[in-house]
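Heads up, the next two complexes both have chain A, just with different partners, chain B and then chain C.
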Partner chain A sequence: MQAPPAPIVARPEDRFLTAFELNEGHTLNGSNARLHGLRKQAIARFRELGFPPPRTEAWKYTNITRVLQHEYRLNLLPVETRLTPDDLAPYRIPGLDAHTVVLVNGRFAAGLSDIGHLPDGAVVTGFARASETHEDLVNRHFGAYAGDEQDPFTALNTAFTLDGLFVYVPKGTRLRRPIHLINLIQAEEDLFLQPRLLVVAEPGSQVQLIQTDASRTAVPTFTNGVTEVFVGTGAHVRHYLVQDAGEAASAVNTLSVYQEGGSTFTAATTTLSGATVRNNVYVLPNGEHCESNLYGLFLGKNRMHVDNHTMMDHARPHCVSNELYKGILDDASTGVFNGKVLVRQDAQQINAYQSNKSIVLSDAAQMYSKPELEIYADDVRCSHGATSGQLDEEAMFYLRARGIPPKEARAMLLIAFARDVLDTIELDVLRTYLDERLDARFHS
Partner chain B sequence: MSQTGTDYLHAVAASDYKYGFVTDIEADTAPKGFNEDVIRLISAKKEEPEWMLAWRLKAFRYALSLIEDKSRYPRWAHLTYPDIDFQDISYYSAPNKKPKYESLDEVDPKLLETFERLGISLEEQKRLAGVAVDVVMDSVSVHTTFKEQLAELGIIFCSFGEAVQNHPELVQKYMGSVVPYTDNFYAALNSAVFSDGSFCYIPKGVRCPMELSTYFRINQAGTGQFERTLIIAEEGSYVSYLEGCTAPMRDENQLHAAVVEIIAHKDAEVKYSTIQNWYPGDAEGRGGVYNFVTKRGLCEGDGSKISWTQLETGSAITWKYPSVILKGDHSVGEFYSVAFTKGRQQADTGTKMIHIGKHTKSTIISKGISAGQSQNSYRGLVKINKNAHHARNFSQCDSMLLGDRCGAHTFPYIEINNHTAQVEHEATTTKVGEDQIFYCNQRGISEEDAIKLIVSGFAQEILAKLPMEFAVEARKLLSIELEGSVG
Partner chain C sequence: MALLDIKNLHARVEETGMNILKGVNLTINPGEVHAIMGPNGSGKSTLASVLAGREDYEVTEGEVLYKGQDLLEMEPDERAREGVFLAFQYPVALPGVSMSNFLKQAVNSMREHRGLDELSAGDFLKLMREKAQLVHLDPSFLRRAVNEGFSGGEKKRNEIFQMAMLDPTLAILDETDSGLDIDALRIVADGVNKMRAPDRAFLVITHYQRLLDYIVPDIVHVMVDGRIVKSGDKTLALELEEKGYDWIREETVAA
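On to the complex of A and B.
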């Protein structure tokens, strides 16, 4: 009898390249030519770049290749969801009055969403639907801000974009209520998901987006999400991301922001659970007098690995940026912060601040911090700070001396430490919700 | 009418290297090329024992394997320079006379003149506070003073070559123990072809009564300088070691790849200070020294301390990370640095503090000043290992920009694997404040003097760490560098 053929050891990249070849022209047709062109470009780019090898500087502390060795299933066909609106109760934020959009496995679930009344001209809908109903807008903005030159994950997402969220706020319009995106994973298989979000805020508009990532499965999944945000002249955009998809969910989340002059963009990311989570934030204020704020809070437990990677690209003068990332690492969790502030030549009068603070609670926990400044203009004020330590013994003593039991004292100090980041959230309902999550975590 | 600040800064950036001259001493130079014959030639010239040659050859084979694979050169630094052709370099040169003088009268007058023009004549040095000077000129030690005095205390301070001959057991025991030849490409290169350097051994309980110093000079066209320094401080000893450098003007790039190893045993303290002022190249960035240095200290024993202080003003390319491995419990590592770049200079410098022992402590203070079209980067690693309980680090990196065409960058790496560690890092980047200049102007201080004042104030914290004689020289140097063509 003949021996069975040796198993073919495929690189994780090959699975995607093959899937693209098989599905191009069918599932990945793309109803319009521009989308199709972008896909082909992106897959060529991905073929060239491949996934980052372990020694890549930008991935120095996160071995993503190891995570990708797992044979996730790339499901390109839509699956009917059996969920009912009642199933969403655990993922709602109590007291939040919002335009609710639900994505199940990266696909827009119209039946579960409750978008409600929107101001004239504003659009909140699924990405696939928008590329038919608002083809012009999608064509103009899709792929314009998330650069894939150096980023294989963005290229991969662009090549396989099927659905996600589309938000359009016309000129001068203010969305009074925030948009709440519930990004839900519901799977019996190890899915590889690639949702795509596109937010277009025309000049002078205002919009807030809350994204909560959650999962209803314990099987390993991988989400390669890309969010593109266009912030027009004088517009205000806030993006709140709450990551809580459980211990089997790995993710690479890329947020690419393009700001026009005089605009304000704020992102606040809270990571509560996950397997290996990498958050890339690229902000390009491409106009004068922009303000950019990036905040992050990550709470590591068990074997969780959280990597926050930010790039503040100051290409134009007279801008301000703030970054504050705080982490509490327990058990055998790992935290990574790699933030870069780049001030290009002639981008004078920049004020850029960056701060990363972490508390390491256990012997097996690790923290890696790499705050970087790369400055090519002289009339600037840029600073960064990074600290790492354990709980302040004097503060502990102070509380103990006042009769507070050690467990409670510890919880008080940790919550106070983390609340610095939550205090930046201007949406009261969301802040209260996260405060409660924090209380539950540390008082248990 | 006084100049405007901008004019002055342009003048600074455009100013010439003040120490450009060539000493015309006939040299004994090996043919160009990196091959086994050259290694054997160097070893034979230096009448080395078999074990030394064997070590060189091991390093040579390793380095050669790296030369053949360009991807293995360390190119991760924030530096741009063309690939170096390592086969197009002569790896050995020595002054053809090998004088062993007892008095200065016997020394080649031209050599003495060189040093006098640098403002650091041997006579002056000898008189001033009793500094023993081991002059390394083009790799061969030609003059050593105060040796007898040091010998009485049991201190060995000699050229590396002499140490190989006279103290082989010490050299064999410690050479390569802190910087193995496999550490990086330039360390391998140095281990294969190093010409000479300094060796220093402080016995148990001895406090070295004077500052030991070595002046390195690069003096032959197209020859690399490959120094090797080894400092061993036995239990409870103390030594302060100075290294200062200036190099003559050259049109082709000179490669410098030095290795410095320090071992501090229990309760010993080593203070290592450097002034580096090699030729930085001309205004268009031609010529200039390529400086790839591996400096590392090992705090072997409990309670030991190693401190690096540096003033970097020269070289076209600086690639240098004086590091400390804090192995002993309660050991201390320090790094104080001022790096000044102008013209088209590029510096990527910083430190590594590797905490292994318990209650170890490290301090990093780095000040970068960039002018002209230069690029000045700080790159540092603080690593707290798993068993380094209660380790403590404080880092501060400040950058100052003098002009809108230069760059100042900070790349710190912080790796924490122990929860009892306390690590703090902060960095700032600013320009010379207009309000500060205005304040000075109001009080009748010219723009030029104001900038000098502000910059030296910015660097003062570090310069104050240098030993007295060096601090004077360092201040002078920084001020001359700033003066540019104006002064």
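On to the complex of A and C.
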């Protein structure tokens, strides 16, 4: 008698490795030789690293392997989109006057974008296009800040980078209007998408990027996005991310930021929906007198899982960093905050603040918070705190005692809880938009 | 018809089962001002809380009729919309909720209940300014978060300001005088007096006769150990001020 054959357990990694081999000669072989070289290095690194196995410390509360068991389709050929600018209405922010860029399935959609007039020398375009038209700039910055070496998702993205967004703001130039990136998923099949964003803000420049992640499909998708940001000396960059791609959209988003001296970088991420969402933010202020602000607001419902993972790497003295992450978790949703602050030996006179607060609204919802401070310098001021609790019953009663119905009262308190994160958003129209989204959410 | 009729009210702390109200009887008619005095821990705030609908307490016996209706059947916000107002002994701070948004929600909830349209932004602002003046609250308060960082006295004045905004039928003031300086006490009392009306009643909980010099009550009650053990006119407050509570306790035990 013969034993039944053992089932062939395909590692999810294998599908990517095979796809790379199959496509390397053509689809993935652009004209840019440096890119090609980076791809080969990256896939080799990905082969070594593999996806994080369960119980890896950095992925302790997020079982990404389980998500990756799903057979997403790695489609490397562009899909024709039949969208018109009118289809974008649901993703626009009312009253926002912006340079609008649209990515569909990670690819620059020129026909849907409305970039408008830019100051001299500034560039806002698709990444693939830029790697031809601005080869020098792309070569200088692409892959320079993202950590292919340590991070399998970044390595995988680099290996398969086809398109995405490229923003370049020359020295001393201020983009008066923000850039609005509408990052749209339009799929009939379960796509695995890997958009790549590169933002180069030269010394003394200023730029604000709003990114709206959205989806037009209910089929499961996975986005492995990587954003690299270079913030030159004295430059100011703000990155506002609104994640709202729906209950079937999983994502690992990695934001890698490199700051030169005297620069300011602010990231504010609002997670409104998603399946499993992991946001990695790595910031390296590699000069003195930098300011880095990382803010996050996440609203969990149903079975959503949101994991915010930050790493503030203080390598240089006289810098300030602020982190504030707040979560409201309902139903059977899960929130994770893992914030690491590293102050290296020579980084004296650092002020690093970190705070994570959550409201857990139901018995089945959960919040895991793990602040990590690693300090090797002696003259630093660091503080961190994490709290998690329920809606304040005393406050509820106070509102109800003034005639406010419970649903209304609850919404008021939840929005009030989110207030200090929302207040960090300096763009009025965006703040108002998010206020209204929250209001609608809590009244539903 | 009485505005409020409390009959043999017994209540205990839901969580621990500790009995606090042990048979309260109290009738308040429209237009009247009643004062309740009594030692610490005798159950005055508990009575106020039960009337306002705080869920920490369980009524085990008795009934409360408000305008002839079963008050205890109503949700806390319903009671408020029906005109019951509680000025809290310890007002709650609401970080992130602005005074103006808070009051707008409250006023409009009331108006909706009474079948009135929402106030326009202009009318609302006007109303706020007018009522803030009543208790000498600086209009800059209206931009701040509710009770956040307010001084003790400011919190109390804020309660009376809210009362003026919401125009209640039955106002329960729980130690609104404590923490007020002499001037503020006057201001608050004046505010209350201006609101006295034939169709409105007040239940004023206080430890100090001084407040009752300004807000002159029709009837003074003394609560001891969860019961109203003595009622009288305003001279009872003076007597208590002079003699303390022991003689009443003795009287009660003797009786």
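By definition in this document, the second predicted complex is superposed on the first by the 436 of 444 C-alpha atoms of A that agree within 3 Å, B and C clash if a C-alpha of one lies under 4 Å from a C-alpha of the other, contacts with A are read in each partner's own complex, and residues count from 1 in each chain.
Operating definition for what follows: a contact is a pair of C-beta atoms (placed from the backbone, for glycine too) under 8 Å apart; a residue touches a chain by one contact, two chains touch by 3 or more.
For clarity, every value in this text was computed on a predicted model and none was experimentally measured.
Enquirer: Consider chain A as the common anchor and indicate whether chain B and chain C clash or fit when overlaid.
Expert: Result for chain B and chain C: fit.
Enquirer: Write the angle, vertex at the C-alpha centre of chain A, between the C-alpha centres of chain B and chain C, to the nearest 10 degrees.
Expert: Superposed on A, the angle at chain A reads 70 degrees.
Enquirer: Tell me which partner A:A365 touches in the superposition: chain B (first), chain C (second), both or neither.
Expert: first
Enquirer: Name the contact category of A:R381: first (chain B only), second (chain C only), both, or neither.
Expert: first
Enquirer: Look at A:E149 in the shared chain and tell me whether it touches chain B only, chain C only, both, or neither; answer first, second, both or neither.
Expert: Neither: A:E149 stays clear of chain B and chain C.
Enquirer: Looking only at chain A, is it chain B or chain C that touches more of its residues?
Expert: B
Enquirer: On the A-aligned overlay, A:E80 touches which partner chain: chain B = first, chain C = second, or both, or neither?
Expert: Neither partner.
Enquirer: Once the shared chain is lined up, is A:E394 touching chain B (first), chain C (second), both, or neither of them?
Expert: Touch status of A:E394: second partner only.
Enquirer: Taking the superposed arrangement, what is the smallest distance in Å from a C-alpha atom of chain B to one of chain C?
Expert: 12
Enquirer: Shared contact residues on chain A for chain B and chain C?
Expert: none
Enquirer: Flag every residue of chain B that touches chain A in the complex, lowest number first.
Expert: Within the complex, chain B contacts chain A at residues 76, 78, 386, 399, 401-431.
Enquirer: Over in the complex, which chain A residues touch chain C? Could you list them?
Expert: Against chain C, chain A makes touches at 392-395, 397-406, 408-409, 412-413, 415-420.
Enquirer: Which residues, counting only chain A, touch chain B once they are in their complex?
Expert: 57, 345-346, 348, 358, 360-363, 365-390
Enquirer: Within the complex, which stretch of chain C touches chain A?
Expert: Interface residues on the chain C side: 52-55, 75-77, 80-81, 85-86, 88, 91-92, 94-97, 101-102, 105-106, 109-110, 113, 145, 162, 166.
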